[in-house]
Each structure stands twice: as structure tokens, then as C-alpha cells.
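Each of the two complexes below includes chain A, the first together with chain B, the second together with chain C.
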Partner chain A sequence: MSRSTVIIAVIVAILLAGPMFIVVPMSFSTAPSLEFPPPGYWLGYYRRFFSDPNWTGPVLNSFLIGLGTMVLAMLLGAPASFALVRYRFRLRALFRLIVMMPLIVPHIVMALGYYSYFGSLGLVQSMTGVILAHACLSIPVVVLTLTSALVNFDRRLENAAANLGARPLTTFRLVTFPILRPAFFVAALFAFIHSFDEAVIAIFISGRDSATLPRQMFNSFQMEADPAISAASSLLLAAVLAALGAQFAARLVRKQRPAHS
Partner chain B sequence: METARSLSLKSVTKSYLPGQNAVEAIDLDVAPGEFISFLGPSGSGKTTTLMMIAGFARPTRGEISIAGRQIDAVEPYDRNIGMVFQNYALFPHMNAAQNVGFPLRMRGVAKVPAQAKVKAALAMVGLAEYAGRAPAELSGGQQQRVALARALVFQPDLVLLDEPLGALDKTLREQMQMELKRIHRELGVTMVYVTHDQTEAMAMSDRIAVFNRGRIEQIGTPSEVYFTPKTRFVASFVGDSNLLSGKTREGGLVDVAGVGPIATSAGHVPPGKDVSILVRPETIRISSERAELSPWRNSITVEEIVNYGDSVLVLGRKAGQELRVRVPSMEMPDLRRGDECGIEWAPTRIHVIEH
Partner chain C sequence: MALDLTLSRSAQGRAWSAAGWASALIRPPFLLYAPASLFLAVFFLAPLGLVIWMSVSEPTVGFDNYAEFFASKYDLNVLARTFQTALIVTITSLVFAYPVAYVAARKGGAVGSFLLGIVALSFWTSFLVRTYAWMVILGARGPVVGLLVALGVNPPPRLLFTTFAATFAMAHMLVPFMVLALYAVMKRIDEVYMRAAASLGARPLKAFLTVYLPQSLPGVLNGATLVFITCLGFYVTPTLIGSPQDKMIAGRIGQQIEQLLEFGAASATSMVLLAAAVALFVIYDRLFGIEKMWR
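Right, the complex of A and B next:
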């Protein structure tokens, strides 16, 4: 690598990782309001964060909405992935485009759409509404992950299972799913994270009782600039990193001792 | 073994596109306990036929029966056919014993007898000590053996093998051929073996079905297919050959343009017919002296000499007609390129293919 490449790489890395290095130290600050660099360090913001129901409530909501989104996106996305990879049907390209649409359409546009559409259905300000909207956003992520794994899946393994006496559902349970388990795991994880840190739609359609953590952060920032927001940010970041790290660790473990099911 | 079953295909046809048949009107009867090979180039329909027997493809027309029972409506998982796939298709998340035990598990065999059967099957293929290994921890040859054990452990009515040795190197392939023959002998199970390798088909089979363009061109024992092929395709696909075109005369003589009359085994063919004659290169004898021209002697100009160690291939030419002669190294006369030499053949060894 030439020197100029290294310099560019370092600049990009700083730009990408920079906010983390500001937010995380700030969350341990002693300052009464947001301030960088922090004058001193303590755990006051975290104590405030965890004792204030205005923060803990949204954390719980975000988890519930994330889990709901994950389940729904997997239930819809997994069959769609199998259909897209394994069957040639009419309007397949159009179907794929529609499934992938939420990746392209700006979230603010989607949010507006959901707001007016869910309004008439009475789903605005409800957890169900947020889960439905987030599931739509997460399905493309699920489909992308699963289709790329499915394309590489050797279908002769399913033929072999059938040949040895396994019916289709048994084949799925004992052969297809266990082999694709890492992809299913990653897809579910991404669906969850996608919902957990999504802000725009949550701001539009989650209500006071169903506020998610990003929405509460936005509100807090606008209204009162509660410095606990830096603790919230750091925790959100930690949660996402932990989820990705868990997946990485799982892969390492699998590599070390293959196939002892 | 008491489970040996017969297999029968009656005018089985498969077309994927209208008007184009991947397999056309295949008729085949396989005796219980027989080892039959489907031999042919890729795209000749041999694998498609195998897939129809396994149940992964449905015949467009015709019927397939095992032991007299028609199986066309039977799903693959109810057919009780063992199959060894081209790339083994071992389950990567299960170890060798779990792979071999899978068909027993599907059949609800109780744990203890199942374990005993798995153990016996792995021992039969010489892998008793590898039961706990994952496929990724086994060599290609070992994976092949596990796949074989898995296809045999549940006493299938029939075992299908789809180019099972294609991925192995030559030494290992020959070793596995011998082992497969031994297992076939010990179990007596009916086996259908798909290959494009004619020496493999020759070495292993009771009978060979030669496939070409979706049809079976000939079914016969290895020596029938080798020495008395019914078509030019069979003659050229199985083994090395000299195929000459000519016209029959009285008394089994065939006139070949530029070469002269050649004495053949075909006294029964009426004169004046266009035929091909097959002269296997190893049935021709060669000598350094020019031969007197007769219906069983001729002379050629040596164009190329290829030494294979155990034998020598002489590429010669006689008036525009190329001739291949294969001579055991021990009997090879002193010849160089450009030399003229005599050749001689036994008319009984010369086979005539009628068009």
C-alpha cells in the first residue's frame, strides 16, 4: 500500500469511527450537560439512565419491537427467499424488486406513508404498527442474507436425504435448516438490529407508550438535552456490537469443532 | 442376498422441452444381483435415466418397475433405493456414523441394532475407526466410502452409483473399483453404475448399456460391446479402434478404398452392402518387413510412434487411410517414423458393422 492510500484509509477510519470516540467518553463524563472533552469521569449518567423510567421503558419497548420484527421478518422473508432462489415463476423479477424496495425508498417517505395508512387502521402509536413497519424494512435484509446462502446450498444434499427415506419436512428439519443455521441466525440478528436502531419510522408512528430507544433519544435531545442520552447512545452501540460479536464468536466456535451435533 | 431385485424400464422417455427428448424409449431389464453400467458421453441421457430410477425426475412416458412392481407413482423417499451421488452428498453437519445411520433413523430402526448396522457398514468399507469424523475431516476416497456405506446400510432393493469415482485420482480409482466389485460380490445387490469412463465400465460390469443421444445403442457384456459393437458409435466410444468404411463382397471380403479387400468374420452379409469394419488396434500384428498384399496382410507407412511403457501405439497410413496398431512393448520391432512395415490380422477378429 502506498503512503497516500494509508493516509486516506486513516482519514476514512477516523470519520467512520470518530463519533464513537466522542460519544463513549462523554457518557462517562461528570459535566452537567453534554460537553467534550469531559472534565472528569464517573458513572452518573448510567445511574440516571437506568433509574429513569423515561429511559428504561423505551429500552424494553425497543427489545419487544425488535423481537417482534425479527419473528415477523423471518416468517415472511425465509419462505420468500426459498421461492426466489428455487422456483422460476412469472413476475419473479418484479417480486424481488418489491421485496427489496424498502432498501431503496427513503425511510422518511416510508414513514409518511405508514403514518397516513396506519392512521386509518388505528395502528399509529402502537407497538403493532412499529413492528409491521420495521418488518417491512427488515425483510430485504433477511432475504439478502438467506438468498445468498441458499444459492450456494447444494440441493443434492436434499436429494440424498429424500433418497435415504426423509420426507420433505424432515429433510428441512434435519438437513437444510441445520446446514443453513448460521445464515438464519445472521438474518434474524440483522432483522433485530435493523429494528432496534431505527429512528425515523419510530419517531413517526411510535406513541408515548410504545416509544423506542432511538425515538426517546431524539425527543430528549430536542426537549431537554438530558446528558443521559450519551449513555443511551453508548448502550445502543454496545448492544449492536455485542450482537455482531456474538455472531462472530459463534462462527469461531463452529470452526474449531466441526459437526458434533 | 435375499434383497436382490430386478429392475425393468419399458419405453421410458423424458422430454424437458416439447419435441426434444433427453431420453428416448429406453428398454432395459436388469437381473437381480446384476452389476450394469450406463456408459456414454455427457448429455447422452445416462444420468437422466438414473435420476428417473431414483425418482428425482419423472418419465414423460413409459414405466419403471422394481421386482415387477411399478414405481412411477412412488415418491423418492419411499423407493428404498440406495444412491451414491457424484460429489458424495454427505451431510456436512453429521459425522460418518451419523451419515451412515441416517437412512436407519428414517426407517425407525431402534438405536442398538442401528448402531450395530452402522458399525458393520463402516467396517465393510474399511472405515471402522473413522466413525466420529466429520466429512470435512475425511479424504475424498474416505468420503466416497462413507457415501457407499450409507447407500448400502439399509439393504436397499437397488443401488445407483452416479460417476462415484470421477473425482478420485487414478490409483485410488482403481483401488475403489476392486473394492466395489468385492462389495457387490459379497452383498449380491443389484447395482446400476453410471460412468463416462469406458475402461471403468469394462472392468466392473456384468453388462454395459451404451448411451448415445438419449438412446441405448447397445446392451451387452463387456466383451460383446468391445468386440462386436452394433454401431459405429459404440465401436468408437468403447476402446481404441480403426473404423474403415467399405463395401461387402462374396465370402466375407470387404473392399476398403485404397487399402484393398479385407477378410472379415462377416460371411453372412450379402455382397454389395455399405458397411463399416472394426479392427481393434491390438489385434493387428506388425513386422518390420513389408508384407505381400493379401486380404489379411497389408503394409503401412509409420507416421508416429507413441510409447506407453507396457505397449506401443504405431500410427500408420495406407493410401489416405489412417491405421492404429497397438503392440506389446516386448513384441515391438525396430521401427522409425517413415519406415514401411507389414501388418497382419486374423479375419475372425475383424467385426463388420452393418449400416
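Right, the complex of A and C next:
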């Protein structure tokens, strides 16, 4: 591969990540509006972000909704994954289609659906409504993650446990789950992030009291009112950097340690 | 009767009876898929069905909303603009994503990890954060306008709140999706083919065009379909930094819901968007199988 190809790829990658980092100097800026380069630096917007209930409320809501979504999507999606991988049943193709559909239907269409549907159920502007909607969107994410792990699972391990007298649930607890634990962990994490990042449905149905962080960010962009948005953006960027850094560090440590020690 | 047969077989030869039914229902597959089916029926299919129903019943029963959509020059323009934007975004992101995925897949090592790390960083960072970054960069008091003024462009062009800004930002945001789709296919292409081409005397460019590129096409189609469909339904970025006059279809639906309170019209527009997305998925599914898209 020629050197110039590599250079092009590296330049594109830098252009890809570079622009995002402009939110960091903005968050320390003293300018009340979008002005770059900043006229001066301070920590005021971080103070505002952590003390203003218009920001702390949505952060808390987003965490609660994300956790609720994660639990619900795992409880429904994990059994569905086992059914899809391990059983051939009537209507299986239809079931698979229904499980995958939330990935296909554009969010704005569902936002309209939930807006009217939850309106008649009295669930609009409630946290429960957002959790129920997000759970539907996260189920396919959980199923995709778990089915790809399950397909490669060696069922002889379960047969061995059964041969040794373990009942199905015991086998699951002592054999299946521990082996698949990383996949379960990743599936749950994806479900959480899918909800935490979801903006469109949350914008239309979460209302003021259960506003999520993306909804609050969207609203402050539209009003151009609250510069604390830059602090929120920087913190989200920092969270992604920290998570990727931790993953990278873990891989380095694993590489250096000899196997099975 | 065929139905009877299958039911009694699933109850392991037991007679067609209430007991047989019950034992079929508490068996593993049903117990495993029933909760998710029920949940999705009540909280996903029902609201989606409501949109379909509203499109033919609000405010009066009939296909008036669709007739109005297809008779409205404004709405047809929105539809055409949406497809055009999605096409430009798909091609642009493909052009930028291809070299990154190519080098990451073939080179590996520190360069490969660096490239994949950057792609992951951008992939996992919220659309809102990245949209905000573009608001600052393209803003009236941002660095680009500042640079243009310093270069003597006066008055500087308006960049923010234009179709250009939205298109550019969406392409930038969807490059990581495209890279991951390309990379998934490219890393399975065996190096042996390229070495064989070289040893048979093909120059690097010729080897790439005749050997590598055709093998990477499934990834290109994967990524293009995924990006195109995502772009068709994009709401946040065009609404925040796109032109308020030149809406895309998702923004139009949002406007019909929030400002105009025309739920019937919003539902009909939604069905047009949904039909476009589903049609693309069906074509894709026929050709490749739908699960491959997210792997």
C-alpha cells in the first residue's frame, strides 16, 4: 500500500474527529453566544451546568430512563434472542421481522405515533412513556448483540451440565450465563446508550418534567439561550473519550499479561 | 386439518385438548418469544398502526391527506430535496470513508488502531454534540467566517442555517457508519488475492480496481443503504442547522405536528417516508439478507 494512501486516510480521520473538539474551548468561553475564538476563559458554564435544575434534572432523567430501558429491553430481548437462535417455531420469520422493525422505522414516524398513542393512554410527558418507547427501539439492539454471540455458543457445554444432572435453570445460571456474560454486558450497555442518545422521540414526548438531556440540548440550541450547552457537550465528549481510553488500556494490559495467569 | 396436526405435534402427540394447548404454551420457545411479541405489539405496532389510521381518518375518512401531499408542490419539493440530500450525503460519506476503512483493514498495527479509534470516537459521540460543533464552526462569529473576512471576502456568505450546512454536517456524521460497514467486509478480504495480482504483474492501481474494489462492493452497498436510509429520516441536524425554508421530510413532519397541529397530514407524510425506507430495506433484504446490515 502506498504511503500517500495511508496519509490520505490519516488526514480524513483527523478531519473526522478534529471538528468535535471545538466544543471544549467553547465550554470554557466567557462569550454568551457562539463566538470562536473565545474572548476569554472561565468555568462559569460548568458551574451553571451542575447547579441549574434545567440541566441537572434532564441528566438525572436521562440516566433513569436509560436504566429503565436497559432493564426492560434485556428482560424482553434476551429470551427473544434464545428463541430466535435455538428454536424453529411457526411464525418465527414474522417474529424476527417485528423484532427488527424498530430499527427500520424512522424515529420521527414513531415520535408522531407515540405522541398520539400515549396521549390517549395518559402517558405523554411521563418518564414511563419514554422508557416504553425507548425499550422498543433497544430490543433489536439487544437481540442483534446476543444472537450473534449465541450462534457461536458451544451447546455441548450445556449438554454436559445436563448430563451431570443440572436442571435447565441451573445450567443457565452456572454455565450459559457466565460464558455469555460479556455479550450480556455489551447488549445492556448498548441498550442504555441507545436510550441515552435518543433525541427525536424524547423531543416530542418527554415533556418538561421528564425532559431528557438530548431534549434539553435540542431546545437550548433552538433558543440559542443557554451557553451551558457547551459544557454539556464537552462532558459527553469526555465520557466517550474516557470509555474508549479505558477499553484501550484494558486491551494493553491484557496483551502484556501472559495468558491464564 | 393441517392446523390441528401442527398443534398436536407441538404438544408431542398429545390429543388436541386444552391440556395440549397449555403444555404447548408453557414450552420454551413460546415462553421466550411471547413477552417481547406482546410488548412490541402494544408499544410499537399499535402506535405505528395509529399513524397509518390517522393518515386515512384525520380529519375525515379517506385518502385526502395523500391526495393533498401528492398535489402539493411544496411537499413534493420536500420529498425530492430529501432524496437528493440523502444521495449527496451517501456519496460524500462513501468517498471519505473508503480510504479510512481500506487502510484500517489492510494495514492494521498502530495506524489501523488509530484510525479505528478515531472512527469509534466519532461514532459514539452524540449527534447533538457534533451538530453543536458545526454550529460553532459555521456560525456567523465562527472560525470559517472569520477566516473569510480576514481574506477579504466581504460581506461573508451565510453558512449556518443553509442546506449546505446540513448536508455537509450529515455527511460528516455518517462517515463513521460507512467506515464500519466497509471495514466489516474489507477485513474478510484475503490479502492473498492482492499478492497474486501483484505477482502476475498488475500495478497497484490496477490490482486495486480489478481485484480489491469488486470484493469490497458488498460493504459499499451495506454502508450506502444504511447511510441513505438514516439520512432520509434525519430530523435533528437539518432542523438545527439546515435552512428553515428548505426542509427535509422529517422536519416537515415535525412542523406539521408541532406548529400546524395537522396530524392527518403529518401521518400521511410519515407514511410516505416510511414507504421509502421500507422499500429500500426490502430491496436490500432480497439481495443480501437484513441481519447483515448491522454486523
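Here is the rule we use: the second predicted complex is superposed on the first by the 217 of 261 C-alpha atoms of A that agree within 3 Å, B and C clash if a C-alpha of one lies under 4 Å from a C-alpha of the other, contacts with A are read in each partner's own complex, and residues count from 1 in each chain.
Everything below uses one rule, namely that contacts are C-beta pairs under 8 Å (C-beta built on N, C-alpha and C of every residue); 3 or more make two chains touch, one makes a residue touch a chain.
This structure is a prediction, so every number in the text was calculated from the model and none was measured.
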| item | value |
| --- | --- |
| Side-by-side fit of chain B and chain C on chain A, or clash | fit |
| Vertex chain A angle, Cα centres of chain C and chain B, expressed to the nearest 10 degrees | 90 |
| Contacts of A:A166 with chain B and chain C, given as first, second, both or neither | first |
| Contacts of A:A13 with chain B and chain C, given as first, second, both or neither | second |
| Comparison of chain B and chain C by chain A residues contacted | C |
| Touching partner for A:V85 - first (chain B), second (chain C), both, neither | neither |
| Touching partner for A:R156 - first (chain B), second (chain C), both, neither | first |
| Touched partner set for A:F204, first chain B, second chain C, both or neither | second |
| Which superposed partner A:P178 touches (first chain B, second chain C, both, neither) | first |
| Smallest separation of CA atoms, chain C relative to chain B, angstrom | 12 |
| Chain A to chain B touching residues, read off their complex | 154, 156-157, 159-167, 170, 174-175, 178-179, 258-261 |
| Of chain B, residues touching chain A in the complex | 54-56, 75-83, 85-87, 89-95, 98, 102-103, 106-107, 134-137, 150, 154 |
| Complex contacts: residues of chain A adjacent to chain C | 1-2, 5-6, 8-10, 12-17, 19-23, 26, 33-37, 72, 75-77, 79-80, 82-84, 86-87, 89-90, 95, 98-118, 132-133, 135-136, 139, 144, 148, 193, 197, 199-200, 204, 214, 217-218, 221-222, 229-230, 233, 236-237, 240-241, 243-244, 248 |
| Chain C residues touching chain A - in the complex, by the definition given at the top | 6, 28-33, 35-37, 39-41, 43-48, 50-51, 54, 96-97, 99-100, 102-104, 106-107, 111, 113-115, 117-122, 124-137, 139-143, 146, 172, 175-176, 204, 229, 232-233, 235-236, 239-240, 250, 253-254, 257-258, 263, 266-267, 270-271, 273-274, 277-278, 281, 290-291, 294-295 |
